[in-house]
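Two complexes are shown next, each including chain A; its partner changes from chain B in the first to chain C in the second.
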Partner chain A sequence: MSRVRLWQLGLVAGAVVLLEVLCRTGVINSFTMVPPTQMFAALAQAALHKTWFWPDVSYTLINIAAAVAISVVGGFLIGLGVHAIPRLRQALDPIFTSYYAVPTFILYPLLIVFCGIGPLSLIVMGALFGIVAMIVATLAALDRIPRVMLKVAKVSRLDPVRTTLLLKLPAAAPHLMTGLRLAVAYSIIGIIAGEFILSTAGIGRRVALSYNNFDNPTMYGLLVLILGFAAGVNALLGAFEQALHRRWYRPS
Partner chain B sequence: MSARSRILDYTLLAAGLLIAWIALYRFAGPEALSPPLPTFERIGGFLDSASFWDHAEATGIAFLYGCVIALIGGMAIGFALGVNRFAGAVGEPILTTLYSIPKITLYPVILLIFGLGVSAKVAFGAIHGIFPVALFTIGAIKNTSPVLIKTARVLRLPRLTAIRTVYLPAALPEIVTGLRVGFATTLLGTLIGELFASDRGVGFILVRAMEAHRVTDIMALTLLLFAFAAGANALLLAVEHRIHRK
Partner chain C sequence: MSLRPVRARSSVELAPQDGAAVHIALRGVAQTYPARAGHPPVQALAPIDFDFRQGEFVSVVGPSGCGKTTLLEIVAGLVRPTQGSVTVNGQAVTGSVAEGIGVVFQEDASFPWLNVRDNVAFGLRRAGLDAAEIARRVDDALSFMGLTAFHSAYPSQLSGGMRQRVCIARTLVLRPQIILLDEPFGALDQQTRLLMGEELLRLWRATGATVMLITHALDEAALLSDRVAVMSARPGRLIDVIPTGWPRERDSALVAEPEFGAFTARLWAMLREESRKALGTT
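Take a look at the complex of A and B:
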């Protein structure tokens, strides 16, 4: 293991141990935060013995998967369309650049009126969060396709569909991965936020319930689960993205 | 592209959005969306009322504090990790992970630590903004031309002088990009903090409107916030373009 990895591990472990000590000695009182060991214990307890745990986890995961699928496929197609019309792109640009500065989930109550309380509202919420990141990444990716490739497509008389599938998609793959990673991160945020605000099931709702019941260990346990899951997925996709970059742009 | 055709584009875009809005309203009915005209009237009503400006001031102050912490703290972290190669290699992945986690899930923690009020909002804004600023600053310093760094070393500049006279000017354009992103995410964080945890501020009126299901208010506030965010973003983007051109 490299020195850098050792230091990283040491820093993270040190922070956890420090938190444990501060909580155990009462510097941080137990109404504010519980020691990390207790968080993990509560998480294990919930996973093994609580009947709500697995249904809630799978509910959230299925919704996230659906939202990611919609935002990635929809974002790519919209990006493709917008890229083809430069004037439309220029007109839409202010929307894209300031989209993430507005808390989109203020639209969630309106969505509930549209789609009812249930998975559909949550999925639309997550997709709304993720899709713009994918559109922007698609635009950036298409910008970077070398001109010569498009000329080859023209010379070979490929039709637009085959140009997209055979040429644009693979050539843009590494940058599309960036979009995928962001879309996943944003979809997770959108769905968890929606579950916090109003829903009938899901891990986000469980966090809100534990918070309201002053059940701090369970709440922190679930937070650790959510944050760990998000960070893990992000790290995995990030590693894949870098591998793609290295393969595509290998110095030759 | 000429200025005139650009104005035409924006007009067409605005018209398109308006048509989409009316179509959605026809489709969904008044309990889901408010029609354009009453919404704009409500925006005018908000801008006219003194109580709205009280709330806007509360949001503005929290946002300002959050921004100061996020921008200065982020740049300090960025410089500390950017100038020292090893510290950067250790710290950057940790910062990236912290940036990627859904910070909205931390709202109960922030509430438990800071209680209801302005400090919770500031904390929420700052944790949203500090990581992008730090990451952009690290990236900016990493991209500084090695010749400049070697020159600073040859001249035996003390570290602080080197940062002030070499690293900062060289990295400034990218840092400004980071500040713009940090500005947007801090605004987002402050508003989220207000939605969940406050008794004053624009986010607070919004959450009240949500609970009472006053659709016109929700739409009017959403549009106001979007206009503010888009306007501020456009302004910072213009500053950024000027600095990048130099």
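Take a look at the complex of A and C:
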């Protein structure tokens, strides 16, 4: 393990220990926050003994997986199409640039009207959050494909579909990973926030219920679960992205 | 090795003189890039007429920026000329690459996501050959390119020269009827260039392919070619096409012959002024 990684782990562990001490000594009162050990205990208790835990976890995970799939596949295909038509790209660029400045979440009530309270609204919300990050990453990745690769495709007489699958997609892969990571992060935010506001199931809804019932240990335990999941997925994708960069590019 | 003396020619030789069939014909081929962002149009190539005879090895030399690569890409069908026409076996090239054309580019075009073996087999798999034939051809190509020991390595683990050899192998395994080479040996050291040149000559003799080689190296052009086409500074036009007069069976021992030195000196004498023009020092 690298020295930097050791420092990072040390900082996280130090913050957890400090929080534990502050909570246990009453500097932070128990209505505001519970000690980390209590958060983990409540999470374990919920996982082992609460009947809602696994159905809610799987509900959220399935919704996230669907939103990520739509964001990534849809974003890549839309990116390909927009990249192929420069005038369309010129027209859409300002929209892509300012997309995340707009609070997309205000559309959630509309989605509930059109799609009902259920997984469909949440998946569409998550996909709306993630898809533009993937489109923008796809455009940037396609820009970075060496022109000689596209010449090779022509000399190899590949049709557009094979050119995309056999050359463009793998050639762009390291840069597409940036979009994938963002799409996953944004989709998780969209789904959890949607569940938190109005949903019939899911971890986000369970956090809201715990909050309303003053069940701080369970609420914090679930927040730890969400944070751990998001950070874990991001770390895995980051490791994969680094591996791709090592394979694709010569070490300088 | 017996060498015929170099024949002096002062005018551009449009068509081969020995009656061999014309494989690629260029008629009035010119290329002008349109004005962009405040820059005036750029005439890259002045009208060029030239015939490649079936199975001959032609090198194109000229100063930097004279349009050699543009000319190769027009012959390949990658670029549509703004004037004139190209025909391959009598069929017009109309903006797409005809079957049987292999191109080795100047830039590294190896696929970083595939290992050496899969890189070399890429085109063969698209061609639908059976696995045994693919394996045989790939093994042969890896062997003559000196890459057998690196068959499972990825391009990021290879030097620039080795990656270029992967690209050359990937083109040659397809046994194209026309091989277009854009400074393929630029990334190689001098010794490897000579050896690769010999391998290329061997392969050319074995397959009977028509070869167009773009190169900056006058000795390379002189050694490998049946004819050397000399281009002017931009806009590129052919200022002469010189037959080398070497026998078909030749190798790098030729560089020790006095005729070889005389031929290279003649090329340089023609190019010196054009290179000065390209540099803007005249």
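Here are a few things to note about the model shown:
Quick note on the criterion: the second predicted complex is superposed on the first by the 248 of 252 C-alpha atoms of A that agree within 3 Å, B and C clash if a C-alpha of one lies under 4 Å from a C-alpha of the other, contacts with A are read in each partner's own complex, and residues count from 1 in each chain.
Simple rule for what comes next: contacts are C-beta pairs under 8 Å (C-beta built on N, C-alpha and C of every residue); 3 or more make two chains touch, one makes a residue touch a chain.
Since this is a predicted model, take the numbers as computed values, not measurements.
When the two complexes are superposed, the chain touching more residues of chain A, out of chain B and chain C, is B. Looking at the shared chain after the overlay, A:Ala185 reaches chain B, while chain C stays out of its contact range.
Using the contact criterion defined above for the overlaid structures, shared-chain residue A:Gln90 touches chain B, although it does not reach chain C.
In the superposition on chain A, A:Thr200 makes contact with neither chain B nor chain C.
In the superposition on chain A, A:Pro170 makes contact with chain C only, not with chain B. When the shared chain is aligned, chain C comes close enough to touch A:Arg246, but chain B does not. Using the contact criterion defined above for the overlaid structures, shared-chain residue A:Val152 touches chain C, although it does not reach chain B.
Comparing the two complexes, no residue of chain A contacts chain B in one case and chain C in the other. Interface residues of chain A, counted against chain B in their complex, comprise 3-4, 7-8, 11-12, 31-33, 87, 90-92, 94-95, 97-98, 100-103, 106-107, 109-110, 113-114, 185, 188-189, 192-193, 196, 204, 207-208, 211, 216, 219-220, 223, 226-227, 230-231, 234-235, 238.
Residues of chain A touching chain C in their complex: 146, 148-149, 151-152, 154-158, 162, 167, 170-171, 173, 246-251.
By the touch criterion stated above, chain B contacts chain A in their complex at residues 1, 5-6, 9-10, 12-13, 28, 31-33, 86, 89-90, 93-94, 96-97, 100-102, 104-109, 112-113, 184-185, 187-188, 191-192, 195, 203, 206, 210, 213, 215, 218, 221-222, 225-226, 229-230, 232-234, 237.
For chain C in complex with chain A, the residues that touch the partner chain are 73, 76-78, 96-97, 99, 101-103, 105, 107-109, 111-113, 122-123, 126, 154, 156.
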